[in-house]
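Okay, so chain A shows up in both of these, paired with chain B first and chain C after.
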Partner chain A sequence: MAQLSRILLALLRMAAQAAGIVVIVFLLCRIAPGDAVDRLALEGGLTSAEETALRHEMGLDQPILVDLLTWSAHALAGDFGQSLRYGRPVADMLATALPTTLTLAAGSFVVGLLLAMGLAVSAAVTGNRVLALTVNLVNVWSIALPTFCVGVVAILVFSVWLGWLPVIGALAMPIVIIGIDNAGQIGKPLLEELREATTSAHVRTARAKGLGRPRIAVFHLLPTALPVALALSGLVLAGLVAGTLTMEILFGLPGLGSLMLNAIHGRDYPVVQAAITVVAVALVVINAVIDIIHHAVDPRLAR
Partner chain B sequence: MTDSPLLSVRDLTVYADETMIVEAVTFDLRAGETLAVVGESGSGKSTLALAVTGLLPPGLHCEAGAEVRFDGVRLPLEEDRAMRALRGTRIGMVFQDPMNSLNPFMRVASQLAEALGRVGVPARERQRRIAALLREVELGPELAHRYPHQLSGGQQQRVMIAMALAGSPDLLVADEPTSALDTTTTGEIVGLLSRLRRERGMALLFISHDLGLAADADAIMVMRRGRVVETGAAASVLSAPREDYTRELVAARRLLAEARPTAASGEAPVLASVDGLAVDYPARRLFAPPTRVLHDVSATLRAGRTLGVLGRSGSGKSTFAQALAAMQPPSAGTVRLLGAALTPLDATLPRRERRAVQFVFQNPQGALNPRLTVARALAEPLRLAGRLDGLDEAVARALREVGLSPAMAARFPHQLSGGQRQRVCIARALLCDPKILICDEVVSALDMTVQAEILALLARLQRERGFAMVFIGHDIEVVRWIADEIVVMHQGEVVDRCTAATLGAPDRHEETRRLLAHARPLVHAADIATEERRATA
Partner chain C sequence: MTKPFVRLDRRQMMIGTAAAALLASAPLAAAQDAAPNHGGVLNYATLGLDTSDPHRHTGSIAVQQLYVEALTSIGPDGRVEPFLAERWDVSEDGKTYTFTLRDGVTFHNGDPLDADAVVANIERVRNNVTGGWLASAMKLVESVEATDPRTVVLTMSEPYAPLVNLMSELWIVSPASKGWDATIETPIGTGPFMFGEWKPQVSLTAPAFAHYWRGEDLPYLSAVEVNLREDIDKANALRAGDLDIVNVGRDVARRLAQDPAIRTSTLKDSTWYFVSFNNRSPRPPFDDPKVREAVMHAIDKQAFMNFLAPETGVLSNQMVMPGHVYFDEAIAAADAYPQADLEKTKALLEEAGVDPSEITIDLVSWQENYPQVVVQMLRQAGFNVKHSALDDLGAQNRLGQYDWDVAVMASGPRADIFLRYVRLMSDGPNPVLWGGIQDAELDRLIKAAVAETDEAARKTLYSEAFQRVLDNDYFMVLGHAPNAIAMREAVKGYEPGFTWSPNWVSGGIAQTFLIED
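Up next is the complex of A and B:
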């Protein structure tokens, strides 16, 4: 019962957070000087009467509050309006862009998590120096080398010189590049947590019970490090919004990042609003899910 | 039973880098018998326990010449795989801190099942065996489904013991199994271990800092600074110790059996009194009622006298002291403190008077700022009072008063021993010229011999300076020795009050008797042990 009410409360908090972000984004889009009509006028040379008519047609002359309410009501029904630039429904544009970004984000997250866990756990359990060094190396790599730099070099080496992979449209390279970046951020703190756990009293008890190394690693060491791994995953997932954006542009992937960037250049606010809303909701959901998982795996937090 | 020992240790030496932590330790433990290893902190007794089970933490190594035989077979102490075969099967272990020694992520049943699975008990039988193990350590079957944090300290330690029994070991190594528990629970756990050893015919290697707990053992080995000081039959070590250090250990406990020199009695002025005091802690959640942690407490504190507050952990002792010192506003009732009346509406003491109430806490390490030298820590109360002249002399005088050399002033807390740190804390309190000194478990974290020194120091200072003292503790012998009057607390209430002399009367409250039953004055312990052995033989 308490469990259920806690989850409900978390969901409510989540909805409030998402709503807050949406409102702020909406206001920012409207406060920023210049709109889509200004942009079109620059290119096409519209008369002032034509501009006013166009603004009316696009609903840009409405009071901001009315605009926000109409937009929100439509958005809740899945209708994000029409792109000012392309005249296509924004929902369709998102639907074509999302799969690419999701594959990129999920793929690189999984690669990062598996790489970090694999390296950190085996380094902690075996005490192998080379493995520990690799964890450190990947960590320094992720701090010192921005993904777009690595991306440029990777294109040069693998696509231009070696000719193994196509430059445009391939997902494998960006997934591995962001994956390594993620692994660097998770791996080192995780290893340190695991090292501390190996000297903890309950792991000593597990050894006193005569359990074998694999069993100790999986049932006694890993759970101790899980809260840290979860918290780090949350940070990494949030960082993926920026990470995927640059990779999409560099590798010419038609994802959410490219869509957003083009929309911002063209003052195509319905697209910007919709894209940011999707990202915001995704982040809030990820945070809530991580919180719920954290409570589920650590019995001391369940009340 | 054969005549050869179950565990035989010869010349066991453990190094941490170049430092010797355990030096050439030799002993024998026969099947079914108990060897108590007694020593103060830093004596190497726990390292010894970890060494013979192959559980030394990284950085510690046994010297190659050591020979440890278990059941006649030489143990490869540094080979984890080989040692693992013995652990959980023929050798069981129980550790110091049960809260952290159990896996917080696993239910009691899973942890026990894991231990049973390790010795090859098939899955379908485990349920039944878990229930049997829990019964053996006197726990209800419903506890199987709990997580460790849902158990009390005593229950956690019982689960640890049940887990160690899962493999039906021939040897149980218990490393300070009671040092994290209060006196009552300690008595229960020691009794349980002793019964289990008898019933199962196991050998018990019992490690403790408390000589009083060793009375049940067949033999006692006293350790100090990594070396064996004395080994012998329990009764003879306790009643006729051969070495000076052992005598000191025994005497530390005996001090408590001698009367404390008291100041002239008579009607001393009342410095503080509480009447119908209740304290609430704010609720954790919105709209939930606050938690009442103290109910209807009344007590009087007179100049030059000591009020002992006795109770188990969680009985409200410390909250009572904080309310008495105006650090916790009363939720009901009144506190009269040095002429001021503290009520639920106005619970502040005038700034001038605050200095007159001073605290000394349990953990001197935590109570001293690690970045301040002793001199600066002691000068702080003087600076606050605006007494800037002759700071150095005042500090030196204070150090001498608590029995420390003025040269200690330049040291940092980590360069002092536990007893010295506690002396510094007492000196700091004295520099405020307190009328009331509140001692909250001040000796609980200290070794036995140091405890005696600190208690004697407090008694002397009180005689010389005439302050009133509130002495909080869970060790009935300690509180009885230092206090004039005693209140016994249980679940936030004062359940009994008496003078130190009448504490042992037969018509005392149930809780008082329970505390008394588990106190083990060492003077009698040896006799009791011999009695018991005669009875079982």
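Up next is the complex of A and C:
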């Protein structure tokens, strides 16, 4: 019962957070100078009377509050409206962009998690100093080198000099780059946690029983480290939003980040709102889910 | 070691430009040496594509010219050339235009191009399109009819000289195109390439049209793959061979020119840079001609152009550059601001009773580096400057509020000189960059030029109009520089045209081919 009410509470908090983000984004969009009609006027085709008429036609002359309520009502029904710039349904544009972003985010998360777990667990189990050093190196790398810097150098080396990958549209490179970044954030704390676990009573007992190293690693060490890995994953997933955005732009990937940036440049409010709403909701949901799983796997938290 | 700063005088810069133009035309001759190759996909990335409806374009009008063509096109020298119309006749009174269509042109769906289709296009633009350069011209169309399958007679309510040039941007689309009655979704044109698959902001695949009217052989390429992604690293993609023709900034072009596998060139028309005053509601003391002149005397055009485009820049105090048919030598010779003169600035301000240290100039620009040069020059003259560097839409909006003093701006290539002057008219489209001039006499002069059918007399009227701009200190032209285009050496037979269009009757993408590199 307590469990259920806690989950419900988490869901409620989640909804409130998402709603707050949507409202803030909505206001920010309107505060930014310029609108979609200004874009049409940029090349010099509109008289001021035509501009006024177009603003009316696009509903840009509505009070913010009316606009917000109308939009929210439609959005809840799954209708994000039409792009002001392209005249296409926003939902279609999101559907085209989402797979790229999801692939990038999921791919780099998996790469990061596998790399971090692999390195940290083998370092902890074997006590190998080179492996431990690698974990530290990856950690320092992720702190010191922003992904967009690594991206620029990677493009130069692998695309321009070596010609192995295209400059525009390569998914593998950003996945690996963000993956390493994620591994750096997860690997080091995980290794610390594992080291502590290797000295714990149940691992010493396992060793005394004569169990093999792989078995100790999988059945005794990993479960102890799981809550830590989960908590770190939550942080990493949140960071992925920013990480994928810059990578998408750098590598010319037509994902949510590129869509959002172009829409902001074009003051294409419906697209900006919809894209940010999707990201915000995804983030909040991820956090809530991680929170729930965290409670499930770590009995200490339930107390 | 720092490089010595080279100061070029105007003549040197002009010579430089002439040399650049000569160099630019040389590769075309070189390209003829290689025998045209059939096949291959060319990767092209310059401007974007906002809409699939060629009549509703919002200014990004490079890409669509792969698949749609117009009655006329603008040649590399800026002169109008026959395109889908093989000739035209203008009546004595300058009101009636008779276009004779080229024989043997077919749309991508196999239908022949006829006069009825052209009339339908003109009527569609006149009746359905709001805004855009053409809309105002089309309002002056009294009647348009097809007198026989190859003849279109267009009658204007008043003489309108820019019409033939402007027709180069009235794209002829088959009325059978899907979405004709609302928004065209699949444009069926007559161009060398067809509208294939369009992924907005990502790509457009344009396969070759087998029955293109300019001959069995053309186009040479089997397709053009247009990259529409914004904010991509075009220079590196070009170096890596992922893209073949791109537009780049001038500084990037300079760097790319070092690469033997890359050739750089420029559009043949220029982008021009200027400093304008708020002319709609100037705030004191900028309503005082003496203060305006003081500001202009503080600006060093040569230093500005040296910063902006040391190789390709050219000084000019007019909206066109030397060599252009509408360039006026007399106005150039009488330039009141050939170089900065801070003494004059000081004297004029004293005369006006203005202490620059007590004045804050509210200056608006885009987020570019060149406005900084002007800002520093104004500061050097003793003014305080509050500089708002805004993105394109932010600036557009801000300028329209007319709550600023000075703007540092630029304006790109145009199919006709009128498109530069129309922005200076009281009811002109988007006049904000030039401070929203309201001047009935200037309007009258521009209108007279537009109505004048004789080219020499028209030039005189345009010059008179520009003299009025100078006399009233509306804005100050700093100079001209063309936009840079870079392409791989493997691209042959291509040389950028006058505007952003990649396709015109005497050159362009139809006769471009790729060789192995």
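Heads up, the rule we're going with is that the second predicted complex is superposed on the first by the 282 of 303 C-alpha atoms of A that agree within 3 Å, B and C clash if a C-alpha of one lies under 4 Å from a C-alpha of the other, contacts with A are read in each partner's own complex, and residues count from 1 in each chain.
Methods note: a residue touches a chain if its C-beta (ideal position, glycine included) is under 8 Å from a C-beta of that chain, and two chains touch if they have at least 3 such contacts.
Note that the structure is predicted; figures quoted are calculated from it, not measured.
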| item | value |
| --- | --- |
| More chain A residues in contact - chain B or chain C | C |
| Partner chain(s) touched by A:78 [first = chain B, second = chain C, both, neither] | neither |
| Partner chain(s) touched by A:204 [first = chain B, second = chain C, both, neither] | first |
| Chain B versus chain C as contact partner of A:47, first or second or both or neither | second |
| Touched partner set for A:261, first chain B, second chain C, both or neither | second |
| Partner chain in contact with A:88 - chain B first, chain C second, else both or neither | second |
| Partner chain in contact with A:297 - chain B first, chain C second, else both or neither | first |
| Partner chain(s) touched by A:223 [first = chain B, second = chain C, both, neither] | first |
| Complex contacts: residues of chain A adjacent to chain B | 127, 199-202, 204-212, 215, 219-220, 223-224, 297-300 |
| Interface residues, chain C side, partner chain A - complex | 50-51, 58-59, 130-133, 135, 183, 199-202, 227, 229-233, 236-237, 239-243, 390-398, 400, 419, 422-423, 427-430 |
| Parts of chain B lying in touch with chain A, wherever the complex brings them together | 53, 55, 57-58, 84-89, 92-93, 95-97, 100-107, 114-115, 118, 147, 149, 160, 163-164, 166-167 |
| Chain C contact footprint on chain A (complex, rising order) | 32-35, 38-48, 50, 53-54, 85-88, 93, 96, 155-156, 159-160, 163, 166-168, 249-250, 252, 254, 258-259, 261-262, 265-267 |
